[in-house]
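Have a look at the structure below before the remarks.
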Amino acid sequence: MSTAIPLETTLPTVNARIYPKGGLDVLSHNEVARLRDVSTGMHDLLRRCALAVLTSGSASDDPRAARELYPEFDIEVHQQDRGMRIDLHNAPAMAFVDGEIIRGVAELLFAVVRDLAYTAMDLGPDSPRDLDTTDGITDAVFGLLRNARILHPTDPNLVVCWGGHSISRDEYVYTKQVGYELGLRGLDICTGCGPGAMKGPMKGATIAHAKQRRFKTRYIGITEPGIIAAESPNPIVNHLVIMPDIEKRLEAFVRMGHGIIVFPGGVGTAEEILYLLGILLREENANLPFPLIFTGPASAAPYFEQIDKFIRLTLGDDATKRYEIIVGDPDQVAKRMSAGIRKVREHRIAQKDSFFFNWSIDIPLTFQRPFVPTHEAMAVLDLHHGRKPHELAADLRRAFSGIVAGNVKEDGMRRIEEFGPFEIHGDADMMQSLDALLRAFVEQRRMKIAGEYKPCYRVVA
Amino acid sequence: MSTAIPLETTLPTVNARIYPKGGLDVLSHNEVARLRDVSTGMHDLLRRCALAVLTSGSASDDPRAARELYPEFDIEVHQQDRGMRIDLHNAPAMAFVDGEIIRGVAELLFAVVRDLAYTAMDLGPDSPRDLDTTDGITDAVFGLLRNARILHPTDPNLVVCWGGHSISRDEYVYTKQVGYELGLRGLDICTGCGPGAMKGPMKGATIAHAKQRRFKTRYIGITEPGIIAAESPNPIVNHLVIMPDIEKRLEAFVRMGHGIIVFPGGVGTAEEILYLLGILLREENANLPFPLIFTGPASAAPYFEQIDKFIRLTLGDDATKRYEIIVGDPDQVAKRMSAGIRKVREHRIAQKDSFFFNWSIDIPLTFQRPFVPTHEAMAVLDLHHGRKPHELAADLRRAFSGIVAGNVKEDGMRRIEEFGPFEIHGDADMMQSLDALLRAFVEQRRMKIAGEYKPCYRVVA
Amino acid sequence: MSTAIPLETTLPTVNARIYPKGGLDVLSHNEVARLRDVSTGMHDLLRRCALAVLTSGSASDDPRAARELYPEFDIEVHQQDRGMRIDLHNAPAMAFVDGEIIRGVAELLFAVVRDLAYTAMDLGPDSPRDLDTTDGITDAVFGLLRNARILHPTDPNLVVCWGGHSISRDEYVYTKQVGYELGLRGLDICTGCGPGAMKGPMKGATIAHAKQRRFKTRYIGITEPGIIAAESPNPIVNHLVIMPDIEKRLEAFVRMGHGIIVFPGGVGTAEEILYLLGILLREENANLPFPLIFTGPASAAPYFEQIDKFIRLTLGDDATKRYEIIVGDPDQVAKRMSAGIRKVREHRIAQKDSFFFNWSIDIPLTFQRPFVPTHEAMAVLDLHHGRKPHELAADLRRAFSGIVAGNVKEDGMRRIEEFGPFEIHGDADMMQSLDALLRAFVEQRRMKIAGEYKPCYRVVA
Amino acid sequence: MSTAIPLETTLPTVNARIYPKGGLDVLSHNEVARLRDVSTGMHDLLRRCALAVLTSGSASDDPRAARELYPEFDIEVHQQDRGMRIDLHNAPAMAFVDGEIIRGVAELLFAVVRDLAYTAMDLGPDSPRDLDTTDGITDAVFGLLRNARILHPTDPNLVVCWGGHSISRDEYVYTKQVGYELGLRGLDICTGCGPGAMKGPMKGATIAHAKQRRFKTRYIGITEPGIIAAESPNPIVNHLVIMPDIEKRLEAFVRMGHGIIVFPGGVGTAEEILYLLGILLREENANLPFPLIFTGPASAAPYFEQIDKFIRLTLGDDATKRYEIIVGDPDQVAKRMSAGIRKVREHRIAQKDSFFFNWSIDIPLTFQRPFVPTHEAMAVLDLHHGRKPHELAADLRRAFSGIVAGNVKEDGMRRIEEFGPFEIHGDADMMQSLDALLRAFVEQRRMKIAGEYKPCYRVVA
């Protein structure tokens, strides 16, 4: 599958040629040309995503770190007799074992190529799609997921796990235990595909699936180009999808997952919670079953109390009906999730909705439109009481999304370096609560930042 | 897989619900809506193609016959929990065994739905593709074949078999023997997917593949909406593709096949021969290996002499270097084809061309552009000596294509009924030879026409 | 899988080394040694059976013909890194395609080795088994079939087809049609694995299974060393079992098959009918469902009338309740068989009997004990009215068995050459009827004997 | 697969019916009868082994504990339509998830039934085998392993891991890391199938195999009735084999494994080391490559020093050439093992020995004959300098074997309770060293004994 020649550089690297196995990924001449195009930035994007895949497991979440460590890294896609070939130059040796690339890493590389090729042809500037309507965006999400071959008509069993990439040892072990209990019950796992709470459930489920002799397992990682460098997919992930932006990534989670478990996390997790609650609180979704469980080890109880309080304050007490908090009981989490998914199954059958894509859930355009966190956009967020819960949730989601960008995404970090922290305006109590929440994340070291954390935002009551 | 309720009509019919197995075919809401759209003619097209699949094996090649026999037949595509569901109303009972649809027929139905949905979205009036350039058309052919999941990076082994749907018992047995010898050598079969020479090789190969324990076999049928009714796919076909028109169908044969065998046939076969020779005679393809064998039982020797003479007269003696005539020797046919494909393999590796799609072969726009055989278009064909062989071949191909349409395609038959026979103009010797060839086809009963054959053309020297 | 070097001899032969695929057949040092043992006759037996497999499709049914045509043929079994290796010396070229052995033939060779090794160790002279009791013999049959890996817990669907190896073209086509109809209904085929009625149903079922996309098909051939040379297995057979003698072969048919179809045949077929009816007529089996259909094309109607008459005369009219005669209606044969097998299924579930081995059917020792057709043994058969039907059937079975041996088995032929025809004694009407039946077989050319048939028996009233 | 009804007892239990999947395990009437036979002790043996499988993961290694906890537990094997059915009565609820048995546990139960049935028929008192010769015993080991379907002709890749069931957290994590590095290199794992060092490598390999997309993995557990209760197999084990006694179990390890890794352990591990070195030190095995690595985390360095010293003292310095000690370097362990196995592969090819069973290694009868550790047998062990190393090793092995029995096997424990500790005689220095080693095992808590350890032996210089 690969032949590798070790090179001598500061960090060990290898050159390698990689061929796909099974040959499902077949590209046209056009698509290969597009991926090689330097002028459009496509080649650079490919290089960055590939590097993230190849440095899975490294400690930093600074997206620029990998590139500084492997400055000579390059990737080329070629057409060949049996289809595609990937040439790697000065690639991180950590992705190889005795000169052979880890098979799972190779698969992720081919997934990167597949998704970027599709995005370039189908969702790029000359896309035939209408990406300004709700239907058009949902159809694009569907198209990309179908092209990634992860829409299977199996019984509902996909549990999305959200949570931090930087969590305590105690919390990490807990996520493994929950994954184990889910796996024993035949449930598959979908996460944002980085370390921490995104990896633990997959590891636990792997052991449980082995014991249950489940071989057609799905460990799905859904990411986007802005986040992949900070949260590089670990190779247990056997289905990687790169959505074009965070909003489509969130929609993919919600339309594919049959239930969601939230582990302790940081700002990104908060963004995800707000996104989901904002949608579930819409009247149109009032009767839609959607199991949602917040859980962590006993030590995480205060964390969820604070989150719960924040939700009550901003979205109202009614919002809490949409989730359940379970502390320190992996078995119970899995039981409740199983039961919830059974209801989802019944509902889909009754509604003639598909098992593999939740067409019924209503996601309005305000949650779908890409939010670009400029200082202007952050400043005009409308964080005041009196708005409809789902509208306020949409803006709160954007606020957290901007802070994630300021913390770990390249564009965002550049903006903060240039113009200083974002200003976020809103009602005093909401701003205080928001600030408290964010400070707690820092104290609990839920951001894997080198050195002392310098906030990228400033709240203004 | 299906539940069926027998109905009482003149010809026995059943109602049935059919579900796909394996669930590879996943449609979006948009696509299902498109297929159900009566206003665009899409629903009617779906109904006609489905009926062709369901009446495989019937005797007539009048495309309207099936519809007259099953006037109440209808089909509906639904979205459901596990994906797609097809509802059949008053469907021909011949596709069922004890009330259960034959599994292969069901697969072909799902292939029809898949290809028509793709064509509607991707190659229809609002297509994002440029279908006026060589590259654009080739990319469309590639896209449709990839979507049909038949571009596999296996070793070259696909033999295209052309020949008549109406052949003698002797010739039919011979096509089975050739298919058997090909199958013993691990070769797969691709045809136009009707009866006669399109079915025999697949049957022979099926027995040989069973003896060789080949399980991943490919019996590919490539058709188009205009011809499917006359040449309905038999269910040994395990990969059916419906190309949007005859020109893309021919391009699909030529880009996917690693070699071509021509059995005795009628006008359609002549069209195919002219198409292929026209392309192979181009200077750009001079060095391209492409095994091409004309073969039949001893009784078919005179047939191939006449074809050979016609080719020499029209395209010149050089054209005969591109093919080999083997009479009455299936073993030898298979050996020569195997040897030829080994050369194709070496050439692809040397040229870094893919095994599964012949990007290198040069097919000019004149062979790609859809030819609509109106009386005007037929009348202006330029069939004179002195033209470049491949240009003359292109017009000869169109002449045959027009006659096929006049014989068995709905549109063409309507035109002939309304305006009388086509007039074909050309040099006297060429016109005589053409007429003699066509008359021989009639005498040899190579057209499965009810009653006496009334020619749909008139040659004018 | 094999590398072959063509040699020059009178009939073309090759030398080859063959390796198993999948590696299920693993032999011990002891077993390999036993197979190579010349002193015990085991090596000779192996050579004869292997030659039969390699000459499948040849015209003669003289067991000695193949050995005269390939006098230098030899086979050796070796132990090697990945397990077994078979070396063939001067093997018939007809089993190879372009120097490669036909994969199905190779599989049959490994089956021969597997079964002879098992028989040598487990059923040979130092066998630990008690082969003198009903239970002991049945257990041995079970052990050999299990070792051959054909006892699968699938739903009952195995139809045993009996009938002649030498039948008319018309009858052969009919057996293919019946096989096709059985195959469309998901039924598998088991025969004695020679040509004629033993091959046609498998060929028909192969095409039908392809159309129904059945991939885990079973074409089981059950033979024994005495008959394999005369009825060499065709390579569609994907499960070959060599039972040690004719009685265990018959028991294997009856315990594995869920229903039996009898096509026109000769003496061997008559033996099979008598064996089965003898068993089914026992009181112990009175309530056991066992679908049994005699069928052939319209032209075979007189044949079955004669058989029917013979049965009524010898076993009484009641015996006819155990079978159904269907003439010229393959569809109806398949429907009736399907319905019969559904009843078998219900009965097994009710009786807690296994689907894959009919433990319930009572087969008395008189049908199990090997019958050696010496002149003495043949002379003392007691063919008189007044005996219990199943006892008379047992002796009639032996009579036919002896005639088969005299016709086509090496030992039997030798005896006839030495001592003249067998004498068979019995009541006058029975003897006349028997003789008429046997003469009809000869007239209808149901014995593939070279030259004029010289009867190996003489009836004495 | 199972339907379960929870019962109320002290420890939670369930009743369940279990059906095999895939149906490879097909029993004869005789075999089922044998397994149900109470008179021969077979039923009791089945019950004990089944209970061990069902209580995998429990804390105690007292073989009698499980039976006291589940006094009402019973198991019945039934014959049924699709083959076998297992009925469990009052089975430990810990083997079930939400009332469904863990699939891996069910597979282990069927393995228990399969092996006990085979042993009863083939190795029992009326066995046809000669179990008093080296060849006879080796053939029996081969027969049982083949019947368990684990002799596959794949490339050599099976690493046997020995080590304690009771090890420190630090050591356990290390065994997982070694397993991970082995798994990354495509190596499979075989252990004695209990907890600790027998489980860690499998867990690590499971994660690595998932990353390398290896699906046909082998986690082989080889046990015997005397030890299974103390070291119950964890359900990651996907191939369980129950050998009839410790000597055949050791022979199975040595003939199947392509290399052996020894982690820190207790008396049992010492027995295994002595067994293996005794064999490898024979002149007949001098040229046989057999990679053998002793390894543990840094904290285990003193442990291996002590072992090393004991080996030098008893077997001489030459014995140390047969193994390599690697401390705290999992990557290096895996690399060295990979390299060693490559040499094994070359040697087998050169010697025409099979990959899956090491026929070449010479194991003398003295290592094969079952040793029954009575007080008499222990007292006459000849532990003096001057004996040939492999003979001394054989007696030292027996000494350790006896102590294991006295510690954790039912028979042995009963003897100690009745007659007091074993007396072991030998040269003073050897006895001191032995005693020191055993005391160190106790101090390091390498025996999972409840309460204070009371030695079951007394050394006598």
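Residue numbering begins at 1 within each chain, and the chains themselves are lettered A, B, C and D in the order written.
Going forward, contacts are C-beta pairs under 8 Å (C-beta built on N, C-alpha and C of every residue); 3 or more make two chains touch, one makes a residue touch a chain.
Bear in mind that the values here come from a model prediction, so they are computed numbers and not experimental data.
Undergrad: According to the touch definition, list the chains common to the neighbour sets of chain A and chain B.
TA: Intersection of chain A and chain B contact lists gives nothing.
Undergrad: With centres defined as the mean of C-alpha atoms, identify the chain lying farthest from chain A.
TA: C
Undergrad: Averaged over CA atoms, how far is the centre of chain B from the centre of chain C? Could you give it in whole Å?
TA: Centres of chain B and chain C (C-alpha means) sit 44 Å apart.
Undergrad: Suppose each chain is reduced to the average of its Cα coordinates; what separation in Å results between chain B and chain D?
TA: 63
Undergrad: Residues of chain B that contact two or more other chains, please.
TA: As it turns out, chain B has no residue touching two or more other chains.
Undergrad: For each chain, which other chains does it touch, given as pairs?
TA: Going through each pair of chains, those in contact are A-B, A-D, B-C, C-D.
Undergrad: What part of chain C is in contact with chain B in the complex they form?
TA: For chain C paired with chain B, touching residues are 21, 97-98, 102-105, 107, 184-185, 203, 206-207, 210-215, 235-236, 238, 335, 338.
Undergrad: Could you pull out which chain C residues touch chain D in their complex?
TA: Residue positions touching the partner: 20, 23, 26, 28-30, 78-83, 126-128, 135, 139, 142-143, 146, 151-154, 348-349, 352-356, 359.
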